[in-house]
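Next, two complexes with chain A in common: one pairs it with chain B, the other with chain C.
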Partner chain A sequence: MRKLYINKVQKWVGGFLPFYLFTFLPFFAACSHIDEADRLIYVKPAPAARCVLLEDFTGQRCLNCPTATNIVAQLQEAYGDSVFITVAIHGGPLGFKGNDKLVGLATDVGDEYFKHWNLEYLPVGFVNRHGIVDYIEWTFAVKEELTRPAPMKMEGEADIKGDKVDIRLKMQSTEGTITGKLQIWLLEDGIKAMQLMPDGTADSEYVHNHVLRTPVNGTWGEDITLQEAENKNTHHTQTLDPKWNPEQLSIVAFVYNDQGVQQVVKVKVKNKKV
Partner chain B sequence: MKKFFTLFLFSLLTIGQAWAQDDNTFQFIDKDGNVVPDGTTITRMELVDDLFGESYISTGLYIKNTSDVSANMQVAYQIETMDNGEFQICFPVNCVRKSSIGNFTTSSGSLDADAVSDLQCEWFPVAYGSCTVKLTIEVLNAFGTKTADGPTVIVFFNNADPAGIIGTHHISAAPQQYFSADGHKMNGPQKGLNIVRLTDGKIIKHLNK
Partner chain C sequence: MRILTTFLLAVGCCLAVFGQQPISLHGSVQSDVLVPQNDSVIGAEKTGDVLTNTYVDLQLQSQYVDAGLRVEYLEHPLPGFERDFEGWGVPHFWVKGRLGCAELTAGTFYEQFGSGLILRTYEERSLGIDNSLLGGRLVLKPVKGVTVKALSGRQRCYWSWNKGLVSGADAEVALNEWMPSLQKSGTELTLGASWVNKYEEQEDVYADATHKYNFPEFVNAWDVRATLNKGPWSLLAEYAQKSQDPSFDNGYSYKRGSAALFSGSYSKKGLSLLLQAKRSENMSFRSKRSMIGTSSFINHLPAFTQDHTYALAALYPYATQLAGGEWAWQAEAGYNFKRKTALGGKYGMNVKVNFSHVRWDGITFYQDVDVQLARKLTKDFKLTLMYMNQRYNKTIVEGEGGMVDSNIFIADGKWQLSSKTTLRTELQYLATADDQGDWAYGLVELSLAPHWMLSASDMYNAGDTHIHYYQGGISFSTGAHRVQLGYGRTRAGYNCSGGVCRYVPASKGYTLSYNFTF
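And then the complex of A and B:
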């Protein structure tokens, strides 16, 4: 009788008990009380810091453009060039594409932007693409834009590999889904080229900074959609033009849509040969 | 009824007169500071190299604020004729180029008391020919609303081919009427030979290439 009982217990422990434990233990566990504060919940990404993009339409034959450039320099000093990011777009009838004697900074894409936005005069610009802003109002427009929260984060890296610039970007939406265009531009600083000055003279040693050299991913960029909290990485390359100084290049990347520029980042192109 | 109509017409004329009244806050002056009076027609022929591969003829005009306070203004410019090239004005804060005739206005700006500013206004011809532009200073209030017309100056730019002028004539006035070689009146200069009646009554022949 005792042996029979032992056999039953052994059979139960060796056969049914593991089965019951395996099947019903999760139910016991699920019933455990977890304090509300200790539960795993979705955490919204931290808000992103706002950076501002100024598209400065300018031209070497525009007498008043150096005055606008001085305002840009003041803004960069005030906010730093990682927060206040400016791109000098040379184009329109006062732009200069160069000849056999003089360096020209105007480009076909600069002309295309000038025409697309129906611009009539220089200097003029866009602050985060919220409409045309006269340069005398840039300071106010930038200050106002910096008070708005940014819905996404952007960071990037760029370096020269062979005869190409290798560009890696990381993006994350911090506020809902963002649909728009990702635009990447290549800029060059420190270009000495002729500039007409406000007093009517011409300065052949004028130093032009943050000059748009070329768009990297097409004139109007490429489609992009960012889900909230999702990390998105992109990779682009741009072939170097022998006319560009590799030590003076940088990348400006931004996401824009009908509500303007959502976020912008500027990264210096690293030249590993240095 | 007739009296009422006359009174109404008179009122309209008075309102129109008030709108177009002269204001002496601003004056056109030349590089030496001489006043260029309202209604003057000036001729400019000196071609200057702009160092970018283009040449221009400047108005040589400046604007002076004759008052003892800072004042706002803009310049209305009517490009009446332009045989070729582009007209450019960099005043007071922006630079703009126009390649067709029409009526335009610069952006507004202010000039300090007794200050002088270069009008920076030029015609960039690309061939022989002429361009006529009427410039009017418009006086604005603090809100940027036009309150009065200042002086008007007509500038006749002439990029003449020395070999193309048949019969020597020192041009000192603007063209008033154009005629073809067979004497038909034309709206503006045409390619080939033009007979031009100037505002001073003189008639010249001009070959427009």
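And then the complex of A and C:
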């Protein structure tokens, strides 16, 4: 009986099944063709409820990094660099510390950050320190963050006094008590230095912006606690390095904890020449 | 876990239904272990006490039903593997039923259509590649010479499966089974056609701050091929095309992709000839459009360059550039000079010449020309000499480094000291003015049949760094077991693929490998 059953199944499988399969094939061969005019969908920019920090891990020997920098430029054009704040952290094996012929932008602290976050490749970034984000997803991640109200306010001023940068910050929590770390970084714009490009060539006149030059208050910042509706003022100084261009400096300061970056501010360093 | 439980129940049911048939158990164990050490000279860091990639395969076989699974342990993977590999579990499990001309597989499976231009799912552990499909596959051989396949499933991505659905069908017809004239002339002619469809939902990827891409949810790929075998001749021609497939790999281009390849070979009476050509453009095909790195490829294009086994010849290996385009040519000729002839000498001589060239848009990606001579000089001694001239575009393949032009010289001598003792030595030298400069390599390998093998090697950078990358090892084989213990250094490098550049660190330490097949 069992053999008879098996023979019947064999006949059906060998005889009819192939034809049934090909009959149904056209239903699976669906094809989406997108005409040129329909390839982009407009998304109205939402009003920004806060500032967003992008930590862009990059390197002068990383040939995909200029592509990521283009995305940064698009976001800055859309939101302005006081709302969308980016810091280019040069480090890791594709960073370049320079030699007697070429300017290098990688720093020991950049290497330390690269190693601490266990990064595997470049370019890659953090958007408000909510996990590693590949550069193609930066725009989406930044848009999402911009809609989230920040629980605190930050303002700052910075100017050069003698051979130092004088930094004054004012912070206030707007939602309960915030405990975390205050990190202050010094950045420089407009640095002409070598960069490997996606086509494999090296551009010796590439202009690097928002380059992290040094942390002002330690590699990982200092502890801070903010009470709701109470102002907290801080004062820091940073000695100028002769290699830096004082006209192109800015300060990025942010408060972060396990929930990510709570708020961030960017302040141009004013060089009041005496 | 739910899928695995369902699978185990299905296996149990199948075995219960067909339980009267004899069942055999087969499997294998593979474990590679590294106990890392710090080494400031080469930049190696001790990243853990013990690192291991361990795999256990089990398979039940019976007349009508087979079933299998694989346990993988990569909680602390070996250096050079992407962090997403960390974990352990049972990512491979399947049950296969055979009845008459049909074979049905449910679970995870590997499959290739033709040369793999539109579908090739496979496992390559050393490269960290496993892109199996989880779903179902039906293979039918309704009449002689005709094979039809249909499949559908989700593709493995590290320890989960992508949401995209991959479906496909393939048909092959061996015309010689139907045409007596072909049979009479000893000609085998096979025609094949395949189709693969990928379905993936829309996702938010922005072209700029105010526009996001409108992605095609269905991507189709087609492939047609013909193979002809007659006597010493073998010919293959294949063409594939892919519809719009904007992805991270191709910079979100809406262009179609295409690939064509031709391969011809001749082999008779000591003479072998091979000629191959391939053109591909925009043929990166993944089940997840925003994927980067090495995972989730649906297809695989053959490299059309020689696979080298000698250490310095393989120092700069070429990797197919799927996302962009490439023209690749390969020609190879080999001849066995018979023994007791003027050129063959007392014991005979084999000569092989190979030429490979890959380029696109006026830029050379890779080229090598190599000549290899293998000759038995005495009853107990065989010598192989090889010269290779190589051009390797390190920027294209690895993301940095420019063009590396090198000349490589290799001498490989093998002495049969006794019926059970063989001594093999290799001396290699790579001369180049580029990258890190010259390299030298030496290897001594002593084989004490049937169980033992001892080896020692050193790769020395005579150019920039003057660092020795030494390695030593001892292996023991008995029956189906093989154990290998080693110690040494491995150099660092870059691996740029899938749009990002990944640094593979140097390592040093004790290595242990165990293989067991039953």
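The rule is short, and it goes like this: the second predicted complex is superposed on the first by the 224 of 274 C-alpha atoms of A that agree within 3 Å, B and C clash if a C-alpha of one lies under 4 Å from a C-alpha of the other, contacts with A are read in each partner's own complex, and residues count from 1 in each chain.
We take it that a contact is a pair of C-beta atoms (placed from the backbone, for glycine too) under 8 Å apart; a residue touches a chain by one contact, two chains touch by 3 or more.
All values derive from a computational prediction rather than experimental measurement.
Within the superposed three-chain model, A:Thr139 lies in touch with chain C and out of touch with chain B [touch as defined at top]. When the two structures are aligned on the shared chain, A:Leu40 is found in touch with chain C, with no touch to chain B. Taking chain A as the reference chain, the count of touched residues is higher for C when chain B and chain C are set side by side. Shared-chain residue A:Pro93: touches chain B and chain C both.
By the document's definition of touching, of the two partners only chain C reaches A:Asn118; chain B does not. When both complexes are overlaid on chain A, the residue A:Leu102 reaches chain B alone and has no touch with chain C. Touch criterion met: A:Glu77 reaches chain C, while chain B stays clear of it.
Contacts of A:Arg61 after superposition on the shared chain: both chain B and chain C are touched.
Look at A:Gly200: by the touch rule set out above, it reaches both chain B and chain C.
Residues 61-64, 93-94, 120-124, 134, 136, 196, 200 of chain A contact both chain B in one complex and chain C in the other.
Those residues of chain C that touch chain A in the shared complex are 82-83, 99-102, 138, 140, 142, 148, 150, 167, 169, 195, 197, 199, 204-220, 243-244, 246, 248, 254, 290, 292-293, 393, 395-396, 399-400, 402, 492, 494, 496, 499-503. Contacts from chain A toward chain B in the complex involve residues 59-65, 67, 93-94, 96, 99, 102, 120-124, 134-136, 194, 196, 199-200, 202.
Residue ranges on chain A touching chain C, taken from their complex, read 6, 9-11, 13-15, 17-18, 21, 25, 28-34, 36, 38-45, 61-64, 74-75, 77-79, 92-94, 118, 120-124, 134, 136-137, 139-140, 143, 196, 200. Those residues of chain B lying in contact with chain A across their complex are 50-53, 86, 88, 90, 93-97, 99, 107, 118, 120.
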